[in-house]
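Same chain, two partners: chain A is paired with chain B first, then with chain C.
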Partner chain A sequence: MNFAKLAARNVYRNSRRSVVTIAAMAFACAMMIVFSALMEGVIAGSERNVVAMNTGDIQIHQQDYRDDPDIYKMITSSAELSNAIRQIGFVASERLFAFGLMASDNSSSGVQLRGVDLSYESTVTEIHQHIMQGTWLEQTDPHGVVIGKKLARLLDVSLGDELIFVGQTADGYMANDSFNVRGILKSVAAGIDNSAVLMSNSMLRELISLPEQGAHQIVIMRVDKKQALSQASELIKSLVGQDLEVMNWRQLMPVISRFLETAHVQTLIMLLFTYIAVASIVLNAMLMSVFERIHEFGIMKAIGVRPLQIVSLVYAETIIQTLLASIVGLFLGTALAWYLQLYGLDMTSLADGMSFAGVALDPIWYAELSINSVLTPIAFLFVMSAIAVIYPATKVARLSPLEAIHHQ
Partner chain B sequence: MIRFAIILFSFFALSATTSFSFAEDTESIDRVKVLLNQVDDLWRGESSYAVTSMQVKTEHYTRTMRMEGWSKGKEKTLFKIIEPLREKGTATLKSGNHIYTYLPKTDRTIKLTSGMMMGAWMGSHLTNDDLVKEARLEEDYDASITFEGERDGHNIIEFTLIPKFDAAVVWGKLTLIILADSHIPVVEYYFDEDMILARTISFSDIKPLAGRDRPTVLRVVPADKPDEYTEFVYEQLELNITVSDILFSLSSLKKR
Partner chain C sequence: MNLNTLAWRNLWRHKRRTLITASSIAFGVLLAVTFTGAGDYFYTRMIDAGANMGMGHITLAAPDFNRAPSSKKVLKDTDSLLAQVEQIPEVKDVMARIQGQAMFASAHKSIGGMFFGVDPEQENPESNLFIKAMIEGGMPKSASDKTIVLGVDLARKLKLTMGKKVVYTTTDINGDIVSAIARVGGLFQTGSNEIDSAVALLPIQSVQQVLGYQQNEVSVLAVILHDQRHSHQLRDRMQAMSQFSHIEVLNWQQTQPDLAGMIAVDKSSNYISQLLIALLVAAGILNTMLMSVLERKREFGVMMALGMSPRNLFLLVMLESFWLAVLGLIIGTIVTIPWYLFMSQTGIDLSAAYGDGFSFGGVLLDTVFKIRLFKESIIAILVGLFTLALCAGAYPAWRAGQTPPVESLKTI
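The block that comes next holds the complex of A and B.
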């Protein structure tokens, strides 16, 4: 007996119901592809904001610098250390930090100065590409600074405006100089958005009278992304020695790390709920289709078709419909997700300035299509519809032929 | 009652004692009042001009600077840095509860925001808030004499100042010790809200200044860093001089 042919005919016979069922499944499948691609995009975006914009994979500090960021707690031989780290196949960049007051014409605010190594920072992080307005720092323009988005609003400054810094130098004098707003960053993280002023390492050294050598932080990024983060930390640790603190970003930001880890689970839960609804549609449709053919199944049984073969037939019908639905869903879903990957979903009105555990969420959500985000919803669809038809299939398989034939 | 910022620059004409609330006993009320008045009178003046030097020693640096200051009434104070050259011309104007700083390097005047008030003033162990708050301490504390007699070979009187119930102050308690005979202050202890010693201000090197004996050296030692200090040395003091209100305007910050 040719199940496929028979099943196809059966599907075709009540084509209207089949189309409705297929459409429901296809729609759910498409939506779930879009949803998981979007989730994947948001997760990747948050991770990018945390790691690639700011934290890097691994950071080195003086032992208790993070608890009490004192400008005197420097990694003294930071240049040699960074070079050694680069030599074993990582990228690394030094950073300096200082605090003070930044004043514009109308307003003033406490700021965190971040001195970045212009020759290496861009090898480690992508923050130089994350500019909302203006341009990134330039060695030839030491007084041009890049500031956080909310700080710019707080100080009421735009590109080219003058800022005056007042603070204290490392040798106890007054640190004072004027700067120009050269660039304004997009949302990165609450700390950066609200108070960061980025300038070159050398400018900050001069302003705060810090020694020629040394840094407060060394940021490290793996070149080979497949290398395990913990393994990379161990490698760096063995190089650095005991007197400095080596932490990877999952240790530095445990809350965000946990959130990102569990985000995939959240997608799966969402998938499950949506498909339970779809499964009930499939169940309903198959029940209807099975019950109106009880007479027919009775005849089949009477001529010697075995229960298992009947189950196979019902399954074949479901699989044909699911297959059609997943093809339609695949095209529809990937097309929509692809559009969202290119243009994004503008959530500005709902989620502007939204942040989670100090990490800014980009108000425009971009989807990220991956094999995972497409295949998971489809695989789930098959599993759920297979579960849904267990009941109708076993029901007809266990019919008594005599009763079934007389059933009207 | 003593406020070191007042002593530093003879900023404010004090009328501290008048607003204290006193114990029931009229006799002791009068005594506290008279004594604290005498202490106040050491630096009392409708207006003043002073030259002081400040030395700051911390774990990481030691620096010295000289400055001159003018005051008129309680609310107006101006001081300018004379040395070192690197900071010459930097001026701070205190007018009421506001502090403005003029920065010669960038030729700007900046009004300090509330967020900066707890920041160190000129790298010293004083905060900007100390400069503003000092003028108001008189309204914020209740005073009483808690010890009288000989201690460490000196005949002294000890006052304890407790903040009033609704006073917006950062200290939990102040203790002031003066010499019993000359009524010259010796030391003042600042306790935080948990009644743990936060800093000590000691007065020494008594010399004639502006017509009578006064302590000319004032040392602030933070309790958590006993090796660090900020020391002020009085070089010159003139009281009740004529100063124009114009001196305490934003425009005069830049001059000279």
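The block that comes next holds the complex of A and C.
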């Protein structure tokens, strides 16, 4: 009789106990698959909100522009540079920034004007699809602007309302013009939500009399997402001069980057806690099953079964149960996570808005199934149950056959 | 023999099994205390910090101010309102403030942000985060000073140092654009770039002059409570009072929806995690009790034959679950107390992992992980634990009560 068969029969012998143990393991496994898939989805979603809505993969500025955003610190030959970057297989777009006061009928607020290149911005970021009300910028409507969600609330404006801009031109005169609200963005990040006014590059140049050429920022996105971020930065760096600064988004937003990198630690901690509870169930079940069979193990030993073989038998019994549990857990967990990947977990009833480290979180959380999010919980389950049965397995392996046979 | 004694002795017939199950209950207690305690501590810190950032736990404002703030929406007759709010026992502190958006300009450039018009005499570090975070200079000397207190990042971007001039431009009570000059009298650093690069404090009387407000007119009254947990119920109570019926009474959930959202989501994921672990602990209890009942079939048969009623057998097994839970609770308490003392006093410093500039729903997050339990939470954990143990024990106990005396005596 082989071990697997013996182990399987032993598992089946007390089917009720085995079912409770397997069910508990399967339930924990399924929940952990859902949990890690959801975490992965949230991490990917936040990264997307940071990168694809705003920063892009890599940005180029004048050396100290970020410390001190001054409208005179421009990348002078930005158009040529952008073209050169596009030629080596990236997408790139130029941006201009300026500050000023935007006033509506009722209220006014300091704003950051963002001039975007209408022909390229949509190749780099997805912000043109991230509109809550109205439509994205249009070249034919230079005075139609798109504004941040909270700014719209602060100014108490809705689509079509008029806004008056007051600021300073590059040559020191008063800049003054009227605009109307063409679109209102969904939540992106605190800076954009509270104060961004988006318009075309050419409108902003005209408004504050900036030179025809040049930009404050070039935003770059990798076309091939598999290419390493640092390698892409190196490639870009080789194109630009010493006076310009090339930074990837992880350097630009270190806090968020660090948070996203450490977010999987949370998943691991959760896994550990849940599985400690599972391990105590496995330990108890195996301990009971082993102790009620002491007599039987004594006989096995007496007829020549070696201690190691007894350990293997106990392990085989555990592995069979864990295997069954992980199959059930895998199906249940993947099915639920798959559902959450398609339809998402709607948090809007709990929260209108959420933000973390200045980045807005989408109130609908989508799971993201990956090899990692499925295999980690299963691998952990095996490890934890293997640790849990060390005690019962060694206990029976060290039994003296004579005493064991007499045990009641 | 007393059923309780019998149940307690039965537990000790399988010492090892009982101890393992009790330890898993103890582990559950430890986790529940940690999770709930982290929530109780952390949410209170966040809510209090959020309240100290300008709007208070409860905010009194002119109708519609919260939906669309504007200088046109004025809260009138503030002296009498202040006096009335101070009467309420839950209130720790109340301050009149003017909140608005402005553009701040130095000789160098201009940047948009928000300002709070504050009365230095009313303000104190206990209920104003910015005073606590002051790194240079201080609050304006009087309410009519021409000074301004800026966040460090805002000052750095404007290239301003102490004593330099700033022009702030905003909209007045009539909707006209107005400007005024102030000198930098203080700099604060909260640690969150979002706040430090956007907020300025101004003396309230100078702001009233600039905006065209009367002495008695501001935009909000910020109310700080002794205990943030009263904010919801107190808001409803105040809104119903006749003296506040003409204005809007808001709680922090309404003035800081981002923070409220983050907390609500974090809270629910916290509860779900706890529920998950509780279910697993319950499964452990169920398995242990079920096995112990099934292996005592014969014994139960004998007891029934001797005249014990099924009801008493059911009770016996339920008592075993109960005493198991008590045992788990005792072990749990022994393990949890040193952990709780350490975590509530020292805590774990996470700043190495996260740095120190982290915001949560727009409020600066603590990087020291600490726990603190409310009395209510301790009761909730205890009730949860015993409910769980008794629910998990119910099926095995029911099985025990179903033992048919004759057949079970035949089995060995």
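Simple rule for what comes next: the second predicted complex is superposed on the first by the 402 of 408 C-alpha atoms of A that agree within 3 Å, B and C clash if a C-alpha of one lies under 4 Å from a C-alpha of the other, contacts with A are read in each partner's own complex, and residues count from 1 in each chain.
Following the convention adopted for this analysis, a residue touches a chain if its C-beta (ideal position, glycine included) is under 8 Å from a C-beta of that chain, and two chains touch if they have at least 3 such contacts.
Everything numeric in this text was worked out from a predicted model, so none of it was measured.
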Given the superposition on chain A, are chain B and chain C in a clash or a fit?
clash
First (chain B), second (chain C), both or neither: which does A:89 touch?
neither
Is A:101 in contact with chain B, with chain C, with both, or with neither (first, second, both, neither)?
both
First (chain B), second (chain C), both or neither touched by A:153
second
Name the contact category of A:211: first (chain B only), second (chain C only), both, or neither.
neither
Is A:277 touching the first partner chain B, the second partner chain C, both, or neither of them?
second
Touching A:110 in the superposition: chain B (first), chain C (second), both, neither?
both
Which of chain B and chain C A:172 touches, first, second, both or neither
first
Please name the chain, chain B or chain C, that touches the greater number of residues in chain A.
C
Set intersection of chain A contacts, chain C complex versus chain B complex
101, 103, 108-110, 166, 168
Could you pull out which chain B residues touch chain A in their complex?
56, 58-63, 84, 86-87, 90, 101, 103, 105-106, 108, 110-113, 115-116, 119-120, 122-123
Complex interface listing, chain C residues touching chain A
16-17, 20-21, 23-24, 27-28, 31, 67-72, 101-105, 108-113, 156-157, 159, 169-171, 175, 177, 193-194, 198, 257-258, 260-262, 264-265, 268, 273, 276-277, 279-281, 283-284, 286-288, 290-291, 294-295, 353-355, 357-362
Which residues of chain A touch chain C in their complex?
14, 16-17, 20-21, 23-24, 27-28, 31, 67-71, 99-101, 103, 105-112, 153-156, 166-168, 190-191, 194-195, 254-255, 258-259, 262, 270, 273-274, 276-278, 280-281, 283-285, 287-288, 292, 347, 350-358, 363
Quick check on the complex: what are the chain A residues that touch chain B?
72, 101, 103, 108-110, 164, 166, 168, 170-174, 176-178
